[in-house]
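Next come two complexes built around chain A: one with chain B, the other with chain C.
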Partner chain A sequence: MPKRSRIWAWSWTLVVAASVLVASGVQRFPKPDFRSGYTVPQYTPPAVERTAAREWLDVGLLTGGLVLAGYFALARRSRRGLWILSVASLVWFGLVRKGCVCPVGSIQNVVLGLVSPADGIPWTVAGIFLLPLVAALVVGRVFCAGVCPLGAIQDLVIFRWRPLPLWLRQFLGMIPPTYLAFAVANVAVGAGFWICRYDPFVGLFRRSGPAGLIALGWILLLIGTVVPRPYCRFLCPYGVLLGWCSQLSRRHLTISPDQCIQCRLCEESCPFDAIRVPTPPHPDRAAARRRMVYALVLAPAWVVLGAVAGWAAADPLAAKVHPDCALAAELRTEESTGKKEQSWETRVFRASGRPLEQAEEADRDARRRLRRAWAWAGAWVGGVFAVRRIALGRRSELADYVPDRGQCLSCGRCFAYCPREYVRLGELDGIRGQP
Partner chain B sequence: MNAELPRRAWLRQNAAAVAGLVFGGAATAATRRAASPHRLVWQIDPKKCVQCGRCMTNCVLVPSAVKCVHNFDQCGYCRLCFGYFDPGATELTTAAENQMCPTGAIRRRFIEPPYYEYSIVEDLCTGCGKCVKGCTTFGNGSLQLQILHHRCVQCNECAIARRCPAQAIHRVPVEHAYRMKSQAASVTATWRHKEDGPAHA
Partner chain C sequence: MSERFEQSNLSSWQLWSAILRGVVAGTGFVLCVAGAVLALACLQLRHADPLNSPARLEAIRAAQQSPQNAELVARARELDLLARRAFFAQQYLVRRGGWILWIGAALLFGALSGTRWLQPRVVVPGLDTSPEERVERERRAAQRALTLYMSLLVGGAVAVGLVLRTPAPAVSAPLRTPSIAGEATLAPASDPVQSEEPLDDLLAQAWPAFRGYGGRGGVQSPAPTRWNLETGEGVLWKVEVPRHAFSSPIVWSNFVFVTGADSRHGAIYCFNADSGQLLWEHEVRDVPGSPPTPPKVSEDTGLAAPTPATDGRRVFAVFATGDLIACDFSGRRRWARNLGVPKNPYGHASSLQIYRGRLIVQYDQETGGRLLALDPRTGQTIWDVPRDVKAGWSTPVIWTAEGRGLAAVLANPKLIAHDLETGRAVWQVEHLEAEIGTSPATDGERVFAGNEYARLVAVSATDGKELWSSDEDLPDVASPLAWNGCLFTATSGGIVTCRDVTDGRRLWLQEWDEGFYSSPIAAADAVYLIDRKGLARVVRAARTFEPISENPCGEACGATPAIAHGRLYLRTARFLAAITGAPPAESASGNTSAP
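Moving on, here comes the complex of A and B:
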């Protein structure tokens, strides 16, 4: 063997031996023998602050908060009670606990737990997800009014409001189901927790976070002074689930403590346009029925349109959404320009020695799953839209002023506008409370 | 409120029961399908860490919850500590220009010639990982980046994990909340087992 190759062989052996040593935990440099009697200290890392007891305490406080909110909204009919409760929740769940995990974000943990067994959720998270929904099934969306810190911070800045036109509410109201559907789809394909990533208020609770999101939080609060609770009404994905449950709730907050006297005083009391007003029967019933038939016939078309839109949007946006697609795109750019290792991601990938084909394979796989998930999400959004159109055309048999169960956040602002409430409190003579 | 038709009330009650069952079932299934519902916390695997510096900049907290920790047990007590001294250091003194750490967060204490003991001042450390890079490249790798759990707020999606180029940050069972390099092998093994186990079951 020539001398030169022997030296190479030796040095390679050394390198391999060294890497084996390091990999097996044997140290590159052994500890010296100290002569001064020095003993090597033991490093003890700080203890985990989040104990099981603390998590169960939060579940307990959430339960207590929901029970109290239900009591204040339905039994006691106390706006002040709900206000104090929401401020307390803002302080505790927002400023002290600083956010995670909250019911809004827990949707994603539940979905992840369903699609990937390794990420099964603890009972505490299951409870945090479930408790406000169960409360909504019993007494309506009391979580929104009394316990949610995201809602409370927006409720505090409400200054004045005007009713939003129906078409605008319908249009903006489609954002939450869309957000929910695509956030769930993204979790299912491993593209991250988008609801948490774009939570505008958690940065304010923590007094630190990405500058863009802090700014978004302040902007939403600013908008919230004249368009009350913009996040709750036109963004919150958990509000969609709460709205459904509230539609089906066993009991619900009422504007009047006993009977509506149609005095119209509560008409503009709701900052969230959640009061349904008595509507006269439609003058042209044939036309109404025709519109209803159109809405029914068109429903499948909306579903298909949504699915196609979701499918078509997945490919162009994949590199922005899924990390595997982003890596493959970066590698492709590097290969075409010839400038290698432009980012840490590609540097680590190339250092791992895996073939480029592996990144391409992961990219193709991620794109396939993303297309499928987004098509389902789009179809679902189309379905929601179709159902809402049908509901719009439905004949209303409303005689009294009642809260819209899906929209009403159970804040109790309308109590003070109802004359019957003052009769109940004994502050107004019963006769004068009548029309 | 107007009196509802009994039929509608009946429908509504059934729909409510179905909704309760669906959400309850989903939450329970999400719990049950875990191998064992561990409580999990975020942690860095120092073996995968490439010291890119994003731990310092991407944490939602300022300063970051990631800090350098010194696992003395692994330290080789190098005379030329590459975690402490800048590669361009002219003298092996404590002068600021000779130190690797931009905030002077590493303190050294004389033991006996020629050995010093190095420790991290947690409040000064920014988690930039410069010392970790030096120690890992040329030394034993006893300096390691770890998420300190009295600082971490346990975001539902760790903002650093999302941007970690080496995917070195994962949720780990709270019983193994820290992953020192010497222990990382065994911890990783249990974690892998957990990942793989139920998937094939």
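Moving on, here comes the complex of A and C:
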């Protein structure tokens, strides 16, 4: 192993290990234990510091960031501008606001507001959820390029990368829609906000959190040095929605400012493998059509299989997913072992004096709703799979190097690889930039 | 310096490259050292247990054994402080170390990125000899990968379903509600609606309504007589009630219920009697027929002046909006109805009573007053008796005569006894014209009722025959208490009078500066009198004045306490507290024995 790589590897290992220990160590100190009959005062939560004005300020900054990102990506074609904007976003939305002005998590608020109208959707949350999607419909995924703090922190650590093979990208690329579907299903049945609960970077922004998640955040950053933006590409549920909107975007970033000269210099410039290369016509059109028909016929079967899978997995995993099921399981364990009040949840339940049958009833109800929601989620994943499989069989002839609109994060790295860009900037003679 | 490098033929990018390599090496070294130190500190923190260090524990034990020994106490405190300080200093180090790691990692990334920038990667695209085959190969592999993913997902889910699927066993253990030591367990019934028997025998042991079961105002078992809510002495717990109200607490098993209201909504709160933990809160919303805006009420009454009641299975509460609601003990609404917004100039304040499967609601107003008995299970009306009286704020008192339940219901200008089975009026006493804020009292043989500007009368509980009357030192908010052959009244002007129940003769009178809104209650041979400023006086329930203690409550108090399971539950302006009592030692600080 080269010397620099060794330094790199050791440093990373130490950073990860120490961070995990820091995260787990600082939370361990128990509350002062008074055994003199003193009653621990009831916890009084601090006054909520968020004000409506501050929330609207965040919405305003998000809007401004999206406008600037679109301007840098499409009008100025400035990678530097996008980089500075993403660092600023990381500082504000990540470190200052501690990752909580987050369109990714807002999916859950929106779903909760839809399934439970009494909870409602605040205007600011609706804005945070919709603005990046609207921007993606107009100019592509500029939110990912310049405004998202989760993307920015990963973007900063990109060091060396190799293109990932298409099969691996497709395989891993199925994770985000799966995650999205089941996260939405969980919100709908009251199983909590899983996207926020397992956000790997919010612990880094806050310098506090569960040790496992802190470790996951550092590990993702470590992986991100050679597989750029792993969270954005292979985990982010909001990226699924952004990708769809970006596919339909009115305008989008282009690699060449005017025309592609087929120089192939940009071919490996994209860390995210989001450049579509010119595709020759299919050698056997009849076979391709046949495969397409098979895929179309099989599509409903995959939807049904997905639904069955979701339904089948819901019941055994319910105790790990839904709090009502978890409580009932703990109570069962306590009843069978005779050891009562082993957790805070069971302690509170027993102190409430509610009958155990009530926990059982809540458990049954939660399981029933979870089975139904997971069946829908599974069906949806099956549908996404079927569509992607059909899309892979379909080959549209392509003459130029263009960004893959669904995958392109509009980071602008490819600008510097295009000779026509230098012609546009006046740094290269126009004649030398011709094919 | 640049000349020196020019002399050594180093170009500027080589110089920067060397600097960055140095930064990488230096940062790497610092990270290694900082990481090692922090890892060590964290490991120590993980195993640190300063609160259980033998030296500290020993010192505390010695100090507890000899609390008068100032030296031992100081030593224990010093060791405790040292242990905590050492722990937090180390924690501070770890926190700062976290920042060093962050900054070091940022520097390392920056320097490494810089070296990459100085040695740019040259992209030389390979020659693609057969793009058609390559593309086709890649796509087929991708299709297989997709299929593999879906197969793994489906297969894994089905496998999980088959392997981990276990029939959910029933939680079949018998229900056990945590009980208070030394007291009977009063477990709520599991099915609150089906075939339930009235729990009045058990209710008599609890404090299920305003002034206890039937509104009698006392219990035979003793209760704490010394405490100090300001210092916490003798106080088991003290918690803030989220919404203010003048209503009083009630107790059943290990639940304490209170109501509260803000300017718009009322709420029922359920607290754990052992810990004071708020178990649930039920906000009163969406009651059919409820007015869109609450009626105007006086500040001294509020929207939640009536005290709730419980039948051992549900808790009931009524508010000045006319909303009457029943919740089970998990806070789930069982039924709710609106009785019509009461036409009451100050706001509705009559509390609910419960008696043998009937929820008794006194609903007096300027016109169209009613007395209702409702089915606690469904809220349906059992009987509804119109009342030709004016608005009032009194609460019925209940007793049993010859096997039937009777309720004395007082309002301007009558005291009427109703048969609780049918609602029929049994007897009545007239000429009680005044704004009636007090409730009647009874000792089982007699019923006492009176209000300032009217008179105080004692009548036979069986036929309503007037036994005696008085017009001196009459209460107008605090209700009288009949206990131990005495009738205690406390006025808003601060006069407490003890009368003989048989003839109304004044046995003693005591005057204090502060008046009383909280009604007198009794436990064993002690009477509890809490003035408006929150000073609780305990006096002997005897024919001669004999003070027992004075106990500060820390703030204004208008609610009547509840007594159950040997504890006193007291609601002040903001707080709800459970009092177990301080030892009757003379050194008990804060408690001043009255002269």
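Criterion: the second predicted complex is superposed on the first by the 386 of 435 C-alpha atoms of A that agree within 3 Å, B and C clash if a C-alpha of one lies under 4 Å from a C-alpha of the other, contacts with A are read in each partner's own complex, and residues count from 1 in each chain.
Operating definition for what follows: a contact is a pair of C-beta atoms (placed from the backbone, for glycine too) under 8 Å apart; a residue touches a chain by one contact, two chains touch by 3 or more.
In this text, all values refer to a predicted model and were calculated from it rather than measured experimentally.
Contacts of A:101 after superposition: chain B is touched, whereas chain C is not reached. By the touch criterion defined above, A:387 lies against neither chain B nor chain C after alignment on the C-alpha atoms of chain A. Contact with chain C, but none with chain B, is seen for A:357 once the two complexes are overlaid on the shared chain. When both complexes are overlaid on chain A, the residue A:241 reaches chain B alone and has no touch with chain C. By the touch criterion defined above, A:301 lies against neither chain B nor chain C after alignment on the C-alpha atoms of chain A.
In the superposition on chain A, no contact is made by A:215 with either chain B or chain C. With both structures placed on the common chain, the touch criterion links A:293 to neither chain B nor chain C. Of the two partner chains, chain B is the only one touched by A:197; chain C is not. Residues 22, 25, 28-30, 32, 36, 38, 42, 348, 351 of chain A lie in contact with chain B in one complex and with chain C in the other. For chain C in complex with chain A, the touching residues are 24-25, 27-28, 31-32, 34-36, 38-39, 41-43, 45-46, 51, 64, 87-88, 91, 94-95, 97-99, 101-102, 104-105, 108-109, 112-113, 115-116, 121, 123, 125, 131-133, 135-136, 138-139, 141-150, 153-154, 156-158, 160-166, 168-173, 175, 177-178, 187-188, 190, 232, 235-240, 253-255, 270, 272, 274-277, 279-280, 329-330.
Within the complex, the chain A residues that touch chain C are 4, 7-8, 10-11, 14-15, 17-19, 21-22, 24-26, 28-30, 32-33, 36, 38-39, 42, 44, 156-157, 159-160, 165-171, 174, 178, 207, 264-265, 267-269, 279-283, 302, 305-306, 308-313, 315-317, 328, 331-332, 335-336, 348, 350-360, 363-364, 367, 378, 381-382, 385, 388-389, 392-393, 395, 417.
Across the complex, chain A is touched by residues 1-2, 12-13, 15-16, 19-20, 23-24, 26-35, 37-41, 50, 52, 54, 60-62, 69-78, 111-112, 115, 117, 139-141, 146, 148-151, 153-157, 159, 162, 165-166, 171, 174, 177-178, 180-182, 185, 194-195, 198-199, 201 of chain B. Contacts from chain A toward chain B in the complex involve residues 22, 25, 27-32, 34-36, 38, 40-43, 45-50, 52, 55, 98-101, 105-106, 108-114, 117-124, 126, 129-130, 133-134, 137, 192-193, 196-197, 203, 206, 208-210, 241, 244-245, 248-250, 254, 260, 323, 343-345, 347-348, 351, 397-400, 402.
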